[in-house]
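Report on one structure; see the data block that follows.
Chain naming follows the written order as A, B, C and D, and within any one chain the residues start at number 1.
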Amino acid sequence: METQTKKIKEIDLEKPILIEGLPGVGHIGKLATEHLIDELGAEKYAEIYSPHLPPQVLIDEDNKTNLVRIELYYVEHENNNFIFVVGDHQSTDNVGHFEIVKEILETVEENDVERIFTIGGFATGEMVDSPEIYGAVNDVSLIDELKEVDVEFDEEKPEGGIVGASGLLLGLSERKGIKAACLMGETSGYIVDPVSAQLILRKLSKLLEFEIDLQELEDRAEEIEDLAQKIKQKKQAQQQGQAPQPSGEDLRYIG
Amino acid sequence: METQTKKIKEIDLEKPILIEGLPGVGHIGKLATEHLIDELGAEKYAEIYSPHLPPQVLIDEDNKTNLVRIELYYVEHENNNFIFVVGDHQSTDNVGHFEIVKEILETVEENDVERIFTIGGFATGEMVDSPEIYGAVNDVSLIDELKEVDVEFDEEKPEGGIVGASGLLLGLSERKGIKAACLMGETSGYIVDPVSAQLILRKLSKLLEFEIDLQELEDRAEEIEDLAQKIKQKKQAQQQGQAPQPSGEDLRYIG
Amino acid sequence: METQTKKIKEIDLEKPILIEGLPGVGHIGKLATEHLIDELGAEKYAEIYSPHLPPQVLIDEDNKTNLVRIELYYVEHENNNFIFVVGDHQSTDNVGHFEIVKEILETVEENDVERIFTIGGFATGEMVDSPEIYGAVNDVSLIDELKEVDVEFDEEKPEGGIVGASGLLLGLSERKGIKAACLMGETSGYIVDPVSAQLILRKLSKLLEFEIDLQELEDRAEEIEDLAQKIKQKKQAQQQGQAPQPSGEDLRYIG
Amino acid sequence: METQTKKIKEIDLEKPILIEGLPGVGHIGKLATEHLIDELGAEKYAEIYSPHLPPQVLIDEDNKTNLVRIELYYVEHENNNFIFVVGDHQSTDNVGHFEIVKEILETVEENDVERIFTIGGFATGEMVDSPEIYGAVNDVSLIDELKEVDVEFDEEKPEGGIVGASGLLLGLSERKGIKAACLMGETSGYIVDPVSAQLILRKLSKLLEFEIDLQELEDRAEEIEDLAQKIKQKKQAQQQGQAPQPSGEDLRYIG
């Protein structure tokens, strides 16, 4: 089986902006992009299947199985047209990352993509009170406009570069002449992080001129905040000799 | 070497039902499907070889070596024709799972398969007194008939989806328009589980209208029950300061 | 780069017997086959290169580097002609084992191989005073002649089958109609084992009617015996509170 | 995506000497070769991309991302022409090493390479006060000239052979009739080692008749020396009950 795209619908979008949010550190990209899909009412138009994705099916709310895949959504919005790339998994092997990103770029090639934004997180290893959003670009002409919405640039953040689809999309689109940026939120690396996801969406909404309701992410951020407090208290309790187990409800938030 | 099928016999089956039982959690699928092959008197008609199976030979009761392979059996039964898929191993790598399942589907394609049932287990992490049988389907129209034989549906069971051949057969057959279901028995995950295998066969025999003698699986289930008791007692003995080692005979049951 | 054979010399051998001794448990096959090459004066005629062998060069006694490879030797002997397969490594990945064994069989195909013997060890996990030699065959007609030279047959030895080239050569040659046997010496699994290697050569010399001087292997076996004694004594010494470190000289014997 | 070369500039070099310094033990090859590129003023003329390199982009000092790649530089120098092979990563899988080295050799094939030097380190596991430089060659005719510049030869150094691009370049160029040597500096294996890098460059400058300023590497060697002293002192301090953490500045030196 080869990596392949199943088109659900032919679309004819003028110069769309592609936003990628596959799973990664803190699931920031996934949270942000799925929220955008919901809020902007984007519609699925293609699925990418690959033997480099995990060999498994997931079960949906109708008890129906779905082969693990990457999904492409689109929406024609006021000021910009969008394509969104989401999914539950990335490639399980290194070579597969190249195959899958190449397939994404070939699938959207006919739509003459104007700009790519990939969204990720980078782990600081400790709780971050007010996370910064860092950027990296495959074309330096993008830096100024990103700085205007307070995206930070620091060549050592993240020091090891950007791994996986969020990085490769910049690397491989550069060779096709598409300008692309990656926005990365600081995050502990231990839990799903709606705070950073929300901050990145605020920057994107300014930059790309769309309005978006962030209430749902704010609610999740508060829940996470409560959870972090609870964990802290339990830890202190444990250190004092008590040892309550985290409940199933709590663990739901762990990536 | 490519993944390939060696046909031992050409068969001409009308609209068979395919039942898959490759090794997995609790070896439930393997136990159930091998039991069906024995009881219904199915005959081997094809072998699938693949470089994605382990690079080894197994030794049979005649001291003859056999390259690790997947075997296809068939039987024309009163109310239904069957193809069974069994073997001692699954793919050793992720991409190989796709290759092997694709090869299985291509091999049976000429027989115009009517329906696929894959059998698996999902690990609860602790001994289960009366295991439930959960189902997942690649077509929601199958749910009602499965509920009639008391198959449970719960989108969170198993939460991580279905991994390996039992999952991929649903995912890849969906794209060929074949309706398929996976039946999964709850099991500890620590030992071979004839209890769940037996329960799944009872449901299949009602659903697919065949009679089957389950005595052998019941006997094995009782042995396992005895073994579980012994392990429990030994554990208690050990906690009281004695430390008998599990005998070779006991370990035979461990997957 | 593909797996490929570099012929050093064209040979025209009548119905040779192929003996394989690639590295494995206790290096029994390697020791035995390299000894045969030396004693029978076999000559190298081909080298197999593969990207599935480790990506490295080894340094020989002339300080010259050699790409890791598998080597084929041949000799025309009184009662039988021989091809020997040796090397310093096996495949680094599962799929590669199939590629390499396929390449070996294709390289020797023109010589119309009469019979294949692969040599291995199987680990018992503890020191074995008088190791048995077990056999496995890809054609049951070979069993009687092997029993005549006291090769044991037991379908549960080794229980997990035969892994790597020694196993696959039986599996893949079967499909070409070549009869093949694997001889396996019991061994601890912790050290290089010239004792088992020697025992297997005694059986092969009877079976295939060649005379061979085993003095060198006997000498190494005595060294190993001495080493085992020393380790035992050191262990006892350590348990009594003294803790001498194994010397570099001792470690030389460890696989 | 296949392994491929992007030519930035067509070059027409007469019988160049190729020097490879991809990352490895102590980053000796990388340090030495990058220093040569700077000091001799070599110019980049080609980039090699491969799905066997890590699936990631690195961020440069302009905050621009660059797909991980291997870079080829060239310079026409007084007495010799040079091609340099550098990069931030080697292959992530075994088969990929073969692909990438094959690609390097094919890219430079048109330039009729005269000689190859690969640079590496081998780990001794402890701090080395005055490291020796060992050599290995794919053609014994090279040994004498290397001994003249005090390169040591010892078939057991390194015992396990040479792994990765530095080894494979010797192995695969041998088959193309190109003479090649690997120079390896003794190093602890724990830190980046400019001392060994410097020693190797001294030998190469004599051998290949070029003048080179080594001040920068000497400065770095002194910094490392200071660092090693500090670590030693801290260790002693820790053993005396104090436990200062290594500062970010210190860690910068760790590979």
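Convention: a residue touches a chain if its C-beta (ideal position, glycine included) is under 8 Å from a C-beta of that chain, and two chains touch if they have at least 3 such contacts.
Worth saying up front: this structure is predicted, and the values here are computed from it rather than measured.
Undergrad: Centroid of chain A to centroid of chain C, CA atoms only: how many Å?
TA: Spacing between the chain centres: roughly 52 Å.
Undergrad: Centre to centre, by mean C-alpha position, how many angstrom separate chain A and chain D?
TA: Distance between chain centres: 37 Å.
Undergrad: Which positions in chain D touch two or more other chains at once?
TA: Within chain D, no residue touches at least two other chains.
Undergrad: If each chain is a node and each touching pair an edge, is that a line, ring, star, complete or other?
TA: Ring.
Undergrad: Spell out all pairs of chains that touch, sorted by label.
TA: Here the touching pairs of chains are A-B, A-D, B-C, C-D.
Undergrad: Flag every residue of chain A that touches chain D in the complex, lowest number first.
TA: Within the complex, chain A touches chain D at residues 91, 94-95, 97-99, 101-102, 135-140, 143, 153-156, 158, 160-164, 167-168, 170-172, 174-175, 182.
Undergrad: Tell me, which parts of chain A touch chain B in their complex?
TA: Residue list for chain A touching chain B: 1, 51-52, 54-68, 92-93, 96.
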